[in-house]
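Order of writing sets the chain letters: A, B, C and D. Residues in each chain are counted from 1.
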Amino acid sequence: MEPLIRVRGLSKRFGPGCDRCLDSTGPEHDTNVCPHCDSVTACSDLSFDLFPDEALGIVGESGSGKSTLVRLLHFEWEASGGSMELHRGGAAALWPEIFADQDQFSANLLTMSQFQKRQIRNALMGIVYQNPHLGLRMQVSSGGNIAERLLGAGWRNIAGMRERAAELLERTEIPVRRMDEPPCNFSGGMQQRVQIAKALSNKPLILLLDEVTTGLDLSVQARVLDLIRNLRREFKLSMLVVSHDLGVVNLLCQRTMVLKSGRVVEEGLTDQILQDPQHRYTQLLVASQL
Amino acid sequence: MITVDNLSKNFLLHILGEKRIEACRAVSFRVPPGGFLGLSGPSGTGKSTVLKCLYRTYLPTGGAIRYDSAAWGPVDLATLPDRAVIDLRHREMGYVSQFLKVIPRVSALDVVMEPILTRNGVSREAARQRATRLLEQLRIPRHLFDAYPATFSGGEQQRVNIARAVSWKPRLLLLDEPTASLDRGSVEIVLDILKEMRGEGTTMIGIFHDTALLESVTDSVYSIC
Amino acid sequence: MQLHEWLADDRRQDDTARSSGYPFGFMDDGAKKEIRRSILKAVAIPGYQVPYGSREMPIARGWGTGGLQITLALVVPDDILKVIDQGCDGSVNAVNIKKFVAKVAGVAVTTDTGEATIIQTRHRIPEERMTDRQILVLQVPYPEALREVEPSEMETRRMHAEADYSRMWLHLYEDIVNFGEITISYRYPVTVNGRYITDPSPIPRWDVPKLHMADTLFLFGAGREKRIYAIPPHTAVEPLEFEDHTFRTENFAGKTCARCGAADTFLDEVIDNIGGGRSYFCSDTGYCDKRSVTWNR
Amino acid sequence: MSYVAVKGGNEAIERACQLFAHERSKGSSPPLGVEQIREQLPLAVDRVMGEGSLYAPTLAALALKQAAGDTFEAAFMLRAFRATQQRLGYSLALGTEKMRIVRRISSAFKDIPGGQILGATSDYTLRLLDFDLLEDDESRRRAFRERLFSHLPAEAEIPATFPKVIDILRREGLLEEAPDAARQEGPVFDITRQPLTFPTGRSATLQALARGETGGMLALAYSSMRGYGNIHPTLGELRVGYLPLTVRHPVSGEPYVIGEVKITEAEVLARMQAGDGPPKFSLGYGLCFGQNEIKAISMAVLERCTRTTHPSCPAEDQEFVLYHTDGIEAMGFCNHWKLPHYVDFLSDLDRLRKSRELAGVGQDREDNDATA
């Protein structure tokens, strides 16, 4: 089976950088700040595949580069290096120009024009941030937030968009009568669910979840996670679940990648990572589970 | 169907000062298609470890596990890429642990129905009927069907666990002390179900601390010492 | 006046221009050249805002310096100029601009749309359909249609570059949610040539359809904001609308012009007395004059 | 010579003031009469009176002469002089319908009851330098006056009152109700006696803006007009004219007129709000001394902006606007940077040197490792 997305050598550095950055940062130095030039190697040489209808877990503590990874895949930040290729099955019809004639995989998405990136992102990806302010326009109605993505994808019928928004809000357990209320009137859990509804609005193939339940009350977190699990099964979504909480990843993901100081220290089946961790840091992470 | 050749598993615990623990060593056996192999030996000699290595919850340290997969042909489970293992677990391999790994907030009926729906692709109604029949067969009271198993007794949970594992008819079924917490009557029911599945060609490897039970239900026994 | 005709004819420097002590068309040749090149670029990329070195004019910023610079850059001695404000030839600022251009370029002036070769206008498009031998120059206060949703120029230029217009559409959606319809009255945003969202200048909705597939060339000049853009002839100009909330113009049903009886023109509303009584007149006075001559006979 | 430390300091200061006075008077041209300023630079006088918040044309002209034309200094002197004046009382609330109009226009309607009275304005002039003014003299001016008035028709009858355009809109229910502060019965908030506390009432906002500095207010209002914030103003009405001042007679208690004040009033209509009830136009109000139309319009726009419930930009933030538009406060603080700060700077210097030391600046970075 072919992966949907192939990521190779993905790295991001903040600051001037020097030739000694790479070998003086990383898990063995327990830092991603280069002592020589002070630049931060947020993540370096990350490689993995994301398969259709698969939930891949990304765990690591803060500063491990997991959120940077999501921002890079969502084209919010310019990658310093590496490639990200989309499988032909993913969206060949939409952008024939990014596939060289016979190739199974597209050209490197990271080096494409902002215009193309935004097209691809709008059609392919949905994202849910930990902080709802990043994902939503707080003063615009929640239905409007969903409509924005539909509008970006060319929808031009108000009734049609409202129907789609109502359907998504219902799916994410938000009372449809509150569709015209702005998210700033909603609770934290509801805001996350509006984000999920917005992320699903034009049927993405990939859902990026960046610490979506962090900071929510336990009962609210449970409800959001169950919703995500059911949606994944229903929409056959590929998901990248970023979390510092192994419990979240265990609930949602079959495979998990462990990041530390910007590098992948271990990758494997989620139950194997939890029950038979190989790398020192993973063992520490699993041992520090509550 | 499956050949284990000189399998060994050690744990290297970096966080405990590079402590090395040997879980099992030089395990070799063969199980023909449709066969039922029992694993025996005192507790702590690595019986569960072997099963977990087969199911790839543990990464084997050495040796090979040659398995004739329907989908992938002959493969070595010890080194098979994660993606393929996920596919095998999804389509061919079942695993029944000693205790139910509770998926929170999912009713007993759904727990049993879920594998039927995702693996056999039958209609929701057909899956519901088969799950209901299995739960009734395992004497789970009807009023518990839409309750969360986390609240059930140990025996009830294990019976749901078995119902779940057998509901979708895997090609290879690994059983780690499935009947440990069951009463006499339930054990009989479980054995009947297993016998029925063997009749349909499921290959099994199981651990039963009750040696009499082990002898009666398996074709052959491999003892680990 | 076709360009080749003008070039073939050897122009004498008109003496009225020399007497005012200012070069022909008030601006120096360098300025005229730069503005003409900006106009050409604007025509080449319909709807795209071309930044240009806008010169100060003897009339105030915000009073038509953008339109004036285009007119002065294009005008040739035997052009015939019409200038209107809110559709009215006699409006104070229109008269001022007309006098000024006539003085520095020695051109004839008119109030008859059909007769004019260049028309400079503020907030209205003449009711008569203009031909391919005429140019309409529109004065523009806000060249950036996206300003409604994004104050920063740097950001709006990125949005144009990436055709990232979802926020503008969202603004219209929210209007409908809050008010039941799109409440934009003048400066109704349009998509030009299927690419750029463009601000048609503060013309009422009534005039927006006249921009679509027209015979004449529309040139938009923003002096204070230093932008020139164009809608060339036979170019698609579609107002932003939804399938179930389509674009509609102002409604003058049941009202006619008290002076010329027209029932198909944009009508000004004049308050008669303190009691609030109203009467209606054509906003396009040139058109109304022509009609009332025939209508009263 | 060091700035202040040495004894000669105050002598130097004395010399500096004299030098300034000298700069003003050393030219060969005849001394500038205060009456000349008052009559021939009326708009400058109006602006200084407005910002100085004291209606005294002659004093404003004097201030302008004394400040060599610097309106900030002139307004400042007027404001200082005002502080020495005893407050005699408050005039009665005035409706501006009874104003003696000299200029009155509306851009909302082509024509309005009472007519669009253009009055005296430079709005429609061509801004071409008029070199004839270089040799301006009395005979030329007399000839101009005769030419101007020779063919005017007999005095046209000017109506006593002109209806307010916004009253007509209000009668049609298209205008928001006047915010309750306007109908406030109690004594007016007096910003010269009480400091501003936020959020302030409308009367305090209007007073502060009425004496605001024209340039500062224009900059903020222009930012809103250009798009920062969503106020799309239409000028409902602009009036310039003389307002009769009526006070209650100290003995009889009867109201009587004690004189006239020239003012500019602007009423701006802003786009409707998505508030409760049917959509309406909202109103921005501006009024200031003399003829200063830019200030009146900017004030109206800012007054409306600062009433926006969710301020999304500086011009809509009441605190930001009212704190930064008073000319005297702003120019004072700006000039204060010229005061000696050498004590503060020394401590700054020390901080900077210390942190550079810590950062190892100065030595070469490499050998810094060697020593670490």
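One rule holds for everything that comes next: a contact is a pair of C-beta atoms (placed from the backbone, for glycine too) under 8 Å apart; a residue touches a chain by one contact, two chains touch by 3 or more.
Bear in mind the structure is a predicted one, so any value in this text is a computation, not a measurement.
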(request) State which chains count as neighbours of subunit A and simultaneously of subunit D. (result) C
(request) State which chain is most central when centres are taken as means of Cα atoms. (result) A
(message) Report the inter-centroid distance (CA atoms only) between subunit A and subunit B in whole Å.
(response) 33
(message) For subunit A versus subunit C, what separation do you get between their C-alpha means, in angstrom?
(response) 48
(message) Can you work out the whole-Å distance between the CA centroids of subunit B and subunit D?
(response) 85
(message) With centres defined as the mean C-alpha position, give me the subunit B-subunit C separation in Å.
(response) 79
(request) Using the touch definition up top, name the residues of subunit C that touch subunit D in the complex. (result) 58-60, 86, 88, 92-93, 96, 99-100, 142, 144, 147-148, 151, 178-179, 183, 268-274, 276, 281, 283
(request) Report the residues of subunit D in contact with subunit C in the complex, numbered from low to high. (result) 109-113, 118, 123-124, 126-128, 163, 165, 168, 171-172, 226-230, 271-272, 274, 279, 313
(message) Can you tell me which positions in subunit A touch subunit C when the two form their complex?
(response) 114-115, 118, 137, 140-141, 143-144, 147-149, 151-152, 156-161, 180
(message) Please output the residues of subunit B touching subunit A within their complex, sorted ascending.
(response) 11-15, 52, 56-59, 82-83, 85-87, 103-105, 118
(message) Residue numbers of subunit A touching subunit B in their complex, please.
(response) 1, 49, 51, 54, 222, 226, 233, 251, 254-255, 267-269, 271-272, 275-276, 278-280, 283-284, 287
